[in-house]
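For reference, the structures are reproduced in the following blocks.
Across the two complexes that follow, subunit A remains constant while its partner is subunit B and subsequently subunit C.
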Partner chain A sequence: MANTALKAGGRFKSAVSDVQIMVIKAPAGEHALGCGGVPMLGGSETAPEGVQMDAADSGETLIGKRYVNEDESLELLCTKGGKGTLSLNGTALEVKQAKQLPSSD
Partner chain B sequence: MNISTILDMAAEAFGDRIGVVCGDERMSYTELRETAYAAAQRIKASGAQYLVLLDVNSPAATVAVFAAAYADVPYVPLNYRLTPTEINELIERASPAYLITSAELRAKIQPRDDMTVVDRSEVLAEQAPEDAPPPEVGDDPRAVAVQLFTSGTTGKPKAAILRHENLMSYIVGTVEFAAADEDDAILVTVPPYHIAGISSVLSSTYACRRVVQMPNFDAAEWLRLCAQERVSNAFLVPTMLQRIVEHLDASGTKPELPALRALAYGGGKMPQTTIARAMQLFPNVDFTNAYGLTETSSTVAVLGPDDHREAAASSDPYVQKRLGSVGRATGAVEIQIRDDDDRPVGVDVPGYVFVRGPQVSGEYKQQGSQLDSEGWFPTRDRGWLDRDGYLYLEGRADDVIVRGGENISPGEIEDVLLTHPAVADVACVAMPDEQWGEAVAAAVVLKDGASASVEELQTLVRGKLRSSRVPQAIVFKDALPYSETGKLLRRVVRQEFAAT
Partner chain C sequence: MSAADQEPDRAGIGAVYARRLLEAVGYPSITVELAAEHPALSAARCGLMALTGPADGAPLPCPAPLAACADGALAALAALAPMGALDGLRGANLLTERAAIAGHVRAGSVSPGGSCHLLQTADGAIALSLTRDDDWELLPAWLRDGSDIGAGNWGALAANVRGRTMQALVEDGRELGLAVCPMAPPSSRPVPWVQRVAGRGYSGAAALPRRAPRVVDLSSLWAGPLCSHLLQRCGADVVKVESLSRPDGARRGPPAFFDLLNAGKRSVALDFSTAQGRRQLQALLARADIVIEASRPRALRQLGIDAEAMVQAHPALSWISINGYGRAEPMAQWIAYGDDAGVAAGLSRMMFEVFGQRVIVGDAIADPLTGLHAALAAWAGFRQGGAGLLSIALTDVVRHCIAADLVAGTSLRERTQVWRQRVDEAQSLLRAGEVAVAVPQARVAEGAAAMLGADTDAVLRDWGVAC
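Right after this comes the complex of A and B.
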């Protein structure tokens, strides 16, 4: 699995579904970002032929939810929802529980 | 990272939902996006490097925020109440410009060779075809999304810079995507050139909450629009809430607004009597006080509905007075108070307010970043934090009266004078004094038919505060000068005392 440097603002799309994400916060170094058990694609990359979603990683990823790793050094925003669990270096990401604020503007 | 993602997501999730209403005009998120696409293409083709808006609120203002983002140029809304000379000076600083305006305001603009001027109606008339490819949007988080000219008290207005990463951090950190119900609507009365005008577009679009725009505020019209559009949320500056309260009290009517659930206010100091009366008039409404600055991408502290109710119901004076605070830091920022030597101070000790967080830009185009080495932004507001982290504001650092080396905050004297039953409004400012350098002066507005003497008011202050706080001069006025967004213009009051 090819590792890539992640930086805030970067966009990735799933190779096996409609899922798209934007990087909000990223740890230093190179990492493997996955969706549905398959590496996600950067800007102009296209999905390799024949890739398929791993049945074990076929959970729903929801638009507008933020996804984080355990120490929250990585934070992604799902900008388009679809099938496929998000993962970092093979470990599934969790939905970040947002503190609900009253609307102020 | 680009704030256009906000509209993309709303259009993706709820494309048919109405995003903005103004008079008879209504636009869905899909229509807003296609109109913004078309405008972005025009901006790019013109070679402009700024999108300037010189207009009141309309759906074109909403489109402009996102069209600038799709075109990768800063959005620069201008204060349309400025003089033609001032406006043209600001345009010079945002050139080459693609400028959106209306027929009434066009006369204020001097033509320039490097400027493309279009009418709001032209922008709204053109939509990109549904199958057109989306624009190539940059994802540089450091690109400038918004440039706002602040209303400086001295010298030329400063150009505050908000980058895409600042605004996205603010929205993602404080708003839940698609949190609004289909029937929700927010009534927006702040002009497009105010930071709250921009943040309301971004927050509401991200929450997928319909925005009802009101180009010119009027209390009776505000109540009528609330009812007609079944408005659920609204943001007001203090003077607007004051006028609504006065209108209701004068007409003796109770507001019939069953849909209204939440009223947020900010942008200036809210008189305690106004908020207390508003809570009586709107018993079923949640009140939220928001504190923020242009340089912090809007809200950094919030006094929420539960804080309001708790303070109003408490028998503990320490909790009661929180109705006069601006609440606690949102989860997205930190707040610190420092003394004159830049050292953090303890609980309940007044000093300078500093803010830190990814939404804080603290940056001006000419002057550069104002953040210190640890990322803290000096707001130049004075205030203190109580034991539970509630922030109280005393006013701007520039407004402090320095009498014989002693720093005096005008706010503490004003609060005492406002407890007098005859006093409706008051501003304390510095006046030149031979002996002390500066002395305290007060401009007082009395309630209709009420009376109070200078001596009586001086005695009131002397009884509650140190003698150095007693205003040396007091003048009675019919009204105090306020900006159209509710900020007390202390500079104007000061000038009057300086001249005497």
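Right after this comes the complex of A and C.
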């Protein structure tokens, strides 16, 4: 996958596992979104033949968790969990600290 | 038969409802004591009616017997509780205590607390609750148009969704974890309010242990804490367990309300991000007779807690899972708060049919109703020696209350007319200065709630858990 413009609400899936994500916010410009060391697939893209997860990646992406880059300009929501670490331009994303519980409903 | 013809029976609906609840938890023939009162008068007396209707107009009666059902649920619990444990409480009054303390008033299509709004879409209305400023950051992903709606700008949000279709908004919102639902009509079929998910359920067997039950309450805000507050009134030893990094948000709300629900409970705070904290949590749960929680199943599984496995391993446990829409997929992933759950169950649609106005009924109405029902479910399970994993959905509880008095073929408008007359008549019999449509009142807390984690060491020691 060439670098892609990321937009809030955009959806991507892993090429090598069950992981699916939704973009909550994203930095301007074009970027490479990865999972398990392999570019993620947008829209109707299908996984290239023979593509495999990076053998060194033992990470897991958890449903319901938010993932961010270092300056939190990118935020993804995992909508389906699975194997593989999420990355932006080759740098692994971190789990975002869960939001505080509301004080009232 | 017109609605008016059925009126003579209406005053007994709270007691009928209480017996129905008791039957569902294994007590088909137990005596219930509850004074007869017309459901419209119950709603007026407790302040529920005052919390419903336009901000700049008169209060509106809701043609569902919510206050009567609250009285019935408390009467059902009292029938099983130690003699006198719940004296001085009225179920209906529990529906409006938060509004009394926080100063919430009716605001038409906005919830009294302000976080839930009814919004018009291209093909129907939806309810959306945004309870935190952070929630507004999800809107660009929800609406996918990059337009920047500042936090709290409900006007811009309402304008944005007006041209969109309800189904896409609800589906996408739920995927994002927003509390959003259609303004749906009430269910035409009966809905159970409590469902056995795993374990033995309600056998009806008398197996009352000689000691007070140990309750671990992992919940926050209102429904779960009210449930364990009522259990405490019944004599339970309640331990409120919170995450050190994410305590109950109600601690930041009005102290008088937090104290009212949580005074007298011991407070344990654990670091769920460490293996030791998760082990301690496991150990507390394994030693409990009753667990109250309101988390999504996956959130607990990510902490290593499997409710199904826990009740299989500990058959004497009654595990109350409070949720929005049940534990089946995909509904187990959907979020609900007290106001939007009432809308999802049909209350606002009923009001729209009668008054032609979009109106939220009560203040987070599903929360206190669910807390009352959950306390009955928990106490009944304890008395029977453990009932396993029980799911109680906010939306099901409200649907169940609506269905308690939904007669096929009768006109809601006609019924509401009769109910309103009953309130007017009651008013005409009162002396000057007395009002049938009362404003919400709250009890005063019996002391201050424990500080976060004040009892962690003591509870771990008492319950034999390694520190």
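Keep in mind that, in the parts below, the second predicted complex is superposed on the first by the 100 of 105 C-alpha atoms of A that agree within 3 Å, B and C clash if a C-alpha of one lies under 4 Å from a C-alpha of the other, contacts with A are read in each partner's own complex, and residues count from 1 in each chain.
Simple rule for what comes next: a residue touches a chain if its C-beta (ideal position, glycine included) is under 8 Å from a C-beta of that chain, and two chains touch if they have at least 3 such contacts.
Given the structure is predicted, the values throughout are model-derived calculations rather than measurements.
In the superposition on chain A, A:Ser103 makes contact with both subunit B and subunit C. Of the two partner chains, neither subunit B nor subunit C is touched by A:Gly50. In the superposition on chain A, A:Gly29 makes contact with neither subunit B nor subunit C. Looking at subunit A, you'll find residues 8-10, 22-24, 63-64, 77, 79, 98-105 touch subunit B in one structure and subunit C in the other. Interface residues of subunit B facing subunit A in the complex, by the touch rule stated above, are 1-2, 5, 8-9, 12-13, 139-141, 164-165, 168-169, 172, 174-179, 186, 196, 199-200, 203, 207, 209, 233, 235, 262, 264, 266, 286, 288, 290, 292, 298-299, 302, 304-305, 330-331. By the touch rule above, subunit A contacts subunit B in their complex via residues 8-11, 22-24, 63-66, 77, 79-81, 98-105.
Subunit A makes touch with subunit C in their complex at residues 7-10, 22-25, 62-64, 77, 79, 97-105.
The touching residues of subunit C, when paired with subunit A in their complex, are 102, 113, 115-116, 129, 131-132, 134, 137-138, 140-144, 146, 172, 175-177, 220-222, 245-253, 296, 298-299, 302, 333, 337-339, 364, 367.
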